[in-house]
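Naming follows writing order (A, B, C, D and E), and every chain is counted from residue 1.
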Amino acid sequence: MRLSLSSRLSVVLALLPALMVMIVVYIGATGWTVWMSLTNSRMLPNNNFVGLRQYESLFGNDRWITSVHNVVIYGVLFVSLALAVGFLLAVAIDQRVRAEDTIRSIYLYPYSMSFVVTGLVWQWLLNPSLGIQHVLRSWGFAGATFDWIVRPERAIYCLVVAGVWQASGLVMAIMLAGLRGIDDEIWKAARIDGLPKWRVYASIVIPMMGASFATAAVLLSTAVVRLYDLSVAMTNGGPGIASEVPAKFVMDHLFERANIGLATAAATTMLVTVIAVVAPYLYWRARKGDIR
Amino acid sequence: MQRANVDIRSLRIGFGGLKVLDNLNLHVEASEFLVLLGPSGCGKSTLLNAIAGLIDVKSGEIHIGGRDVTWAEPKDRGIAMVFQSYALYPRMTVRKNMSFGLQVAGTPQDEIGRRLGEAAQMLRLTELLDRRPFELSGGQRQRVAIGRALVRHAGVYLFDEPLSNLDAQLRAELRVEIKRLHARLGATMIYVTHDQIEALTLADRIAVMQGGVIQQLDTPKMIYRAPVNRFVASFVGSPAMNFIPGSIARDGGAAFVAGTSRFSLNGYVFRGPPTDAPAVLGIRPEHVEVTASDDPFAVPARVEMVEPMGADSLIWCRLADGTAFSLRHDADAPLRAGDTLALRFPPETLSLFDDKSGQRL
Amino acid sequence: MTVLAEPLPAARRRRARMTPARWGLYAFILISALYFLLPLYVMVVTSLKPMAEIRQGNLLALPVSPSIDAWVTAWASACTGLTCQGIKVGFFNSVRILLPSVFISILVGSLTGYALSLWRVRGASILFGAMMVVAFIPYQLFIYPLVRVFAFTGLGQSLLTIVIIHTIFGLPTMTLLFRNYFTSLPPELFKAARVDGAGFYQIYARIMMPMATPMIVVAVILQTTGIWNDFILGLVFAGRDNLPMTVQLNNIVNSTQGERAYNVDMAATLLTALLPLLVYFGSGRWFVRGIAAGAVKG
Amino acid sequence: EEMKAEVIHWWTSGGEAAAVKVFADQFTKAGGTWIDSAVAGAANARNAAISRTVSGNPPTAMQLNTGKQFDELVEGDLLADVDTVATEGNWKSVMPQAFIAAATRKGKMYAVPVNIHGQNWLWYNKAVLTSIGAAEPKTWDDAFAVLDKLKVDGKVIPLAFSGQKNWEQNLFSAVLIGVGGGPMWVGIMGKRDAALARSAEFKAVAVAYKKLKNYVDAGAPGRNWNDATSLVIQGKAGMQIMGDWAKGEFVAAGKVADKDYGCTVLSNHGGGYMMGGDVFVFPKSKDAATTKAQMTLAKLMLAPETQIQFALKKGSIPVRSDVDSSALDACAQKGMRYVADKAQQLPSVDMLAAPALVGAVQDAISQYWNTDMSADEFSAKVAAVLKAQD
Amino acid sequence: MQRANVDIRSLRIGFGGLKVLDNLNLHVEASEFLVLLGPSGCGKSTLLNAIAGLIDVKSGEIHIGGRDVTWAEPKDRGIAMVFQSYALYPRMTVRKNMSFGLQVAGTPQDEIGRRLGEAAQMLRLTELLDRRPFELSGGQRQRVAIGRALVRHAGVYLFDEPLSNLDAQLRAELRVEIKRLHARLGATMIYVTHDQIEALTLADRIAVMQGGVIQQLDTPKMIYRAPVNRFVASFVGSPAMNFIPGSIARDGGAAFVAGTSRFSLNGYVFRGPPTDAPAVLGIRPEHVEVTASDDPFAVPARVEMVEPMGADSLIWCRLADGTAFSLRHDADAPLRAGDTLALRFPPETLSLFDDKSGQRL
């Protein structure tokens, strides 16, 4: 497509904000971050080059190691559960149920609430002496035990419970859109073939919804990497450091602990990891001709 | 369950407040090829889906092979169905698409293999069995969809505009294939289309529908030659039938008068005694004859446009009084816009309709 | 060939009102709805209880003597520092931040997405790829350098700054949504407009954006929730005259020392979430449609 | 010209706000306009204040914890000193030495300490202790005996605990001071003496600390401190180690000191009052009016009347020893007595160590408390942390 | 700028590694109606888009009305274009859709009104001007799309399969409309289709394309009667041309021998001197003649299937040696499967192709 000069100017003008943001903010700030990670900056940035010492102490830091470990567990569970729950919800709603709009909104509303307080509520609910376990026992189920949030090796799963609670409504919406996009005639064909409904979903519908699953998975993945307020509000990383996550490591060290050097080293590590994962994906998509 | 007949009694179907089919009766003989023909939205798919058990009926009964299946599950009706959009399972191979229903029904492996082989051979799909739908052309996809129906060994095959997503050439090809299939299987087939060529070439009988009502149920020949009303006349046939408004005059042998032109009706078989009333004369383009200009029944007309269509040409003319109509003529005739022709409208090919009711006279 | 030996139960109505499967379905919907509503329920009942009742620790119990005092307090008189005017003070600030931020971020994002999808520019894929990567970075990381940048430009902390900030951080997602949406449109529309002689901005404003309504709705919902719930960016960049409602919410909820009134906390949270909730309940139908339109094609 | 002071602080709850109001009122009386910028959460408030300071748009004054938090601000020449005001007001003679040190950099005072919080108080429910026939414990050994009794009795949670990192650390600090003694406290946190951290004495402290976990209920992890206090108030738990801000909860519940609840500081070495507090610092300004406002603020914040009013509202004790404490409650007066005794004065962890070190130690403690890490491993870990932070 | 000619010189276009057009030359006269005909993917749209300036060319030149516009913006080429998918602006009324381009160009309001009225009347859109596209039927939409092109008063109109989304009846109707338009405007029109009926009825000349190469550029009659190769022969015409493999024998007058059957070639115009070589004989179904069985050139054949198509029927036959072919016959003929016919293949209607190269002999 040959563009006249004025068209080309327009395009450049339109992309100028994006370019500026990209260069000044993202590339500039990222560069600054990487540089800071090579200094011994504490509360205020300084330029005392210390080489890779921050990285050394980062990878010798139990809390960081635990954080990385946790984000992997959380990521895998959260993404797969949110996809599964969201999909099931969408399937349920798709059965022409009554009050569909209301139910859909009920599934969707958690997405509108910040974790500042909902985290606290989840903390209460999961707390053994306050929440569900307490209620169950007071109903006479003496043996009922649900105390994951106070058990270091289980606490991260509690974050998953709340995370799924918040995100699966969004997944539901995406999946519902995907389901509604499936040709009615496929359903008819399956009925004529005498396939049971679950079989249709399992063998035909799910394979057809690749696009919806991909969209949802990308959105959920960004949420995983950025996971912060959930951990702060629900467990504040605890018990101990059992439910710490990388973004919280960065934040805590950036502000509360006034350790910019270490925080930026952690951030740089995250950034490199993301690029290592996302870049091949983008490249693959570009190869497929999806990105022009 | 081969050669089942289909019997539909007082069928009523509606969506919400909308009545789509109202008291519809239809009997399809075993082994018959019935085509449902009609404009978009007239209820063809609705009827077909009701036969398949894919939508609920309000009242009435559906019998297939003598059994009342009004409330039976689709899979228990002994039917198979082919859809307009193919509706292939996109992530499954052709083989899987065709065998999946049988597998789920628990048919033994060797029986599945046998039927699959048979259908694949019949439809020339053997080479394609391991491909996925997106690796197939439109025509191949539709063949697979037919194959999926075939392996069910059903007594009744239902087709919902199976060819309308294909281009002309493929359409012609698959049309022949379906016709052959019918001859070979001898199964009952009900076939929805809004393409009249398909209807005419395939059907034993055609049911022309409009607004949920069957207007005419007859052989293709009768539908084409003796449409019962103006709707059927205009809907069937392409290029379309010409309609010339005028009136019947019985002074000195029945004739049709339109403006200054006068057409003999000698030889036209009236359904009832003719009256001197406003009427519409219908004639198909291919029935208009070019004759010598001294023919006593000849009407002069001026050529306005010539559309060559390969084998023949469509000639657009105007009568002296301005009535426009078309005629079909040998492609080789050296006709040009502006020429004047002498035309004859053979009475035995005409159709006459009441001006008001549109019913055939 | 299948021959059915036994006669079919002819009179059996196929889709009777409630089959066992249907019961199961409704049971599932009910249970999942409970899962989703439980926290909301706890918040609502807690907000209606006096502190004494809350100290009893019966989370699920209905309030014995329900009162809306906490709501009144949260809205009108809860103290955040010296100002004891509840969270209502920030409400209008939030609205003032929200409206231009949503508008401008969608404007810039859609324009970028439009330029990247329909106009083949060199380096477009690189720019877009970089944005995809950026979508994964915790934005908190950029706070410090951005503070310096804005100090340098002389904008400092102001309404304009916070609007720009929200635009910056909304850019990757917005671009992603709109790019995917515009790519999914039939290319003929764009071609037709080109043949008609419309220029870059004419096509954008008069052809593309009017068509993108569902996507705009999605963008509005996403941005509204994001910007409305933002706390840290507003705090750092908005300037003290423009602090959003969430700062008050945080002040009420996150007091470090001193007594904590959970009922007021809950009421304040619910009040704060009111606007996005309204947006959700009002546009649920559009939301699903818009998401479908912007789906990444795999 | 009008005197304006924009003050960033994190005192947002009811009692805290009332306390800030004391400053504000005084400032207004002095003819100024107080512009209140409250941001809940110390980290949030600091983040906002420091962002603004480095971007050249600083507040007039900002709150920090008494301690090392403004080291770099002073180094960056971003703060105005208050030495003149301090000298005029003769602060050095009425303030605990640790506080003067904490506010002084390069020989000048850069911060105004405004209050003292005792952080290692033991709060207990008198009725509960009476019910098992126990008296107020004085030493940690006493305390363990009482806890054991409570545990055997089984009716209440022996030790109310809020399982969040900073409270885990606070409890550890209390044990370290109470069991290990003042010199060890200063040696570890202040002098970063790694060898000391490997000593048997330190390990004994660690063991004592971990032993406390036996008296804590299952719901403790993640609990807010005030919910733990609430357990003591309601008689669901016997005692709690917490700073004197906990008093606010007792007061709000209508409880009376020395009648419904008791307060004391545990020590095996005859004392050790861990004092923390808050300071205000004043970012440098070229504007004379602002500077004037800053100095006015500094002066009136430490005025005796302001001090006592503030302490009353805040639940802390005045930073000046020369004020009339009769208006304060029993526990606060007890605190005043501790502070008056030089031997009892111990700086809080924030005063001894930079935030990075505090945080790193906190992580170690939290890990130790919540996992089955041994005391040996813990002491090695602490030693390593101390060594890494220079 | 009316009546512009279009001149395409050595055009090369590719996507990535894929060469779509390679050194294509084409000259379209002013006022000519040129149809680009070819199977899916052969590069028709690519060529049209290149003329419109919507895709970049690799090399070569495009001249419109004598001006080199190879690198001009679409709007500066004096062209208008109609797309297969209509490409109406969905949020604008019909009026807005049609006037948008003029408004953008700054045409005065009254001029816009005039042109709009003119086009609307010509296309019978006057009633629909205030509707939005979704309130229109398919045929109406396509008329609007044409109207949008018309108001541009362009010298060259480009149509990319404008009718292929419509059903048969509408297609026929609009075809006539476009033909009338061309007669009336006298503008140059380049029209892409893969429907040969459209091509044959509309074109002054047809360019049959395959794989990015123009196979034959000629009048519809020549394309239909004398296809230059087997591809053109098979692609044009429906029902398709019959092909019978065999060889040319020059013993006693040229003849074509297929198995035991022998067809006279007396009267066939060879392009070069004929040789005794394997060849393929092509004959269109409508050219096969049923003759008396004692005709010396008659070949016997057995009827396999009869497809009535309304006006006439398609008869599927087999020769004695099993070669299948079809012929078109009067619908009234009482033919049935199993009948035996004597057939004549008139030599002047035949096409002969080289067995290997597929070129016409």
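Here is the rule we use: a contact is a pair of C-beta atoms (placed from the backbone, for glycine too) under 8 Å apart; a residue touches a chain by one contact, two chains touch by 3 or more.
According to UniProt, the chain labels map to these proteins: A = Sugar ABC transporter permease; B, E = ATP-binding cassette domain-containing protein; C = Carbohydrate ABC transporter permease.
Predicted model only: the values in this text are computed from it and were never measured.
In terms of the distance between Cα centroids, subunit B is separated most widely from D.
The chain pair sharing the most C-beta contacts is A-C. Separation between the centroids of subunit A and subunit B, computed from CA atoms only, is 56 Å. Computed centre separation for the pair subunit C/subunit D is 39 angstrom, with centres defined by C-alpha atoms. Inter-chain centre distance (subunit B to subunit D, centres taken as mean C-alpha positions): 91 Å. Centre-to-centre separation of subunit A and subunit D, using mean CA positions: 37 Å. Each of the following residues of subunit C touches two or more other chains: 143-144, 199, 231, 250, 253-254.
In subunit A, the residues that touch at least two other chains are 1, 3, 7, 129-130.
Residue numbers of subunit B whose C-beta contacts span two or more other chains: 53, 73, 76, 152. By the touch criterion stated above, subunit E contacts subunit B in their complex at residues 40, 164, 167-169, 172, 175-176, 179-180, 183, 194-197, 200-201, 220-221, 224, 236-240, 284-286, 305, 307-312, 314, 316, 328, 331.
On the subunit C side of its complex with subunit D, the touching residues are 51, 55, 79-84, 143-144, 147-148, 150-151, 156-157, 231-232, 235-236, 240, 247, 250-261.
Taken in their complex, subunit E has these residues touching subunit C: 49, 52-54, 73-75, 79-81, 83-92, 100-101, 104-105, 148, 152. Taken together, the subunit A residues at the contact with subunit B in this complex read 183, 185-186, 188-196, 199, 203-204, 207-208. On the side of subunit D, the complex with subunit A involves touching residues 42-44, 46-47, 50, 54, 69, 71-73, 76, 163-165, 168, 217-223, 354-356, 358-360, 363, 366-371, 388.
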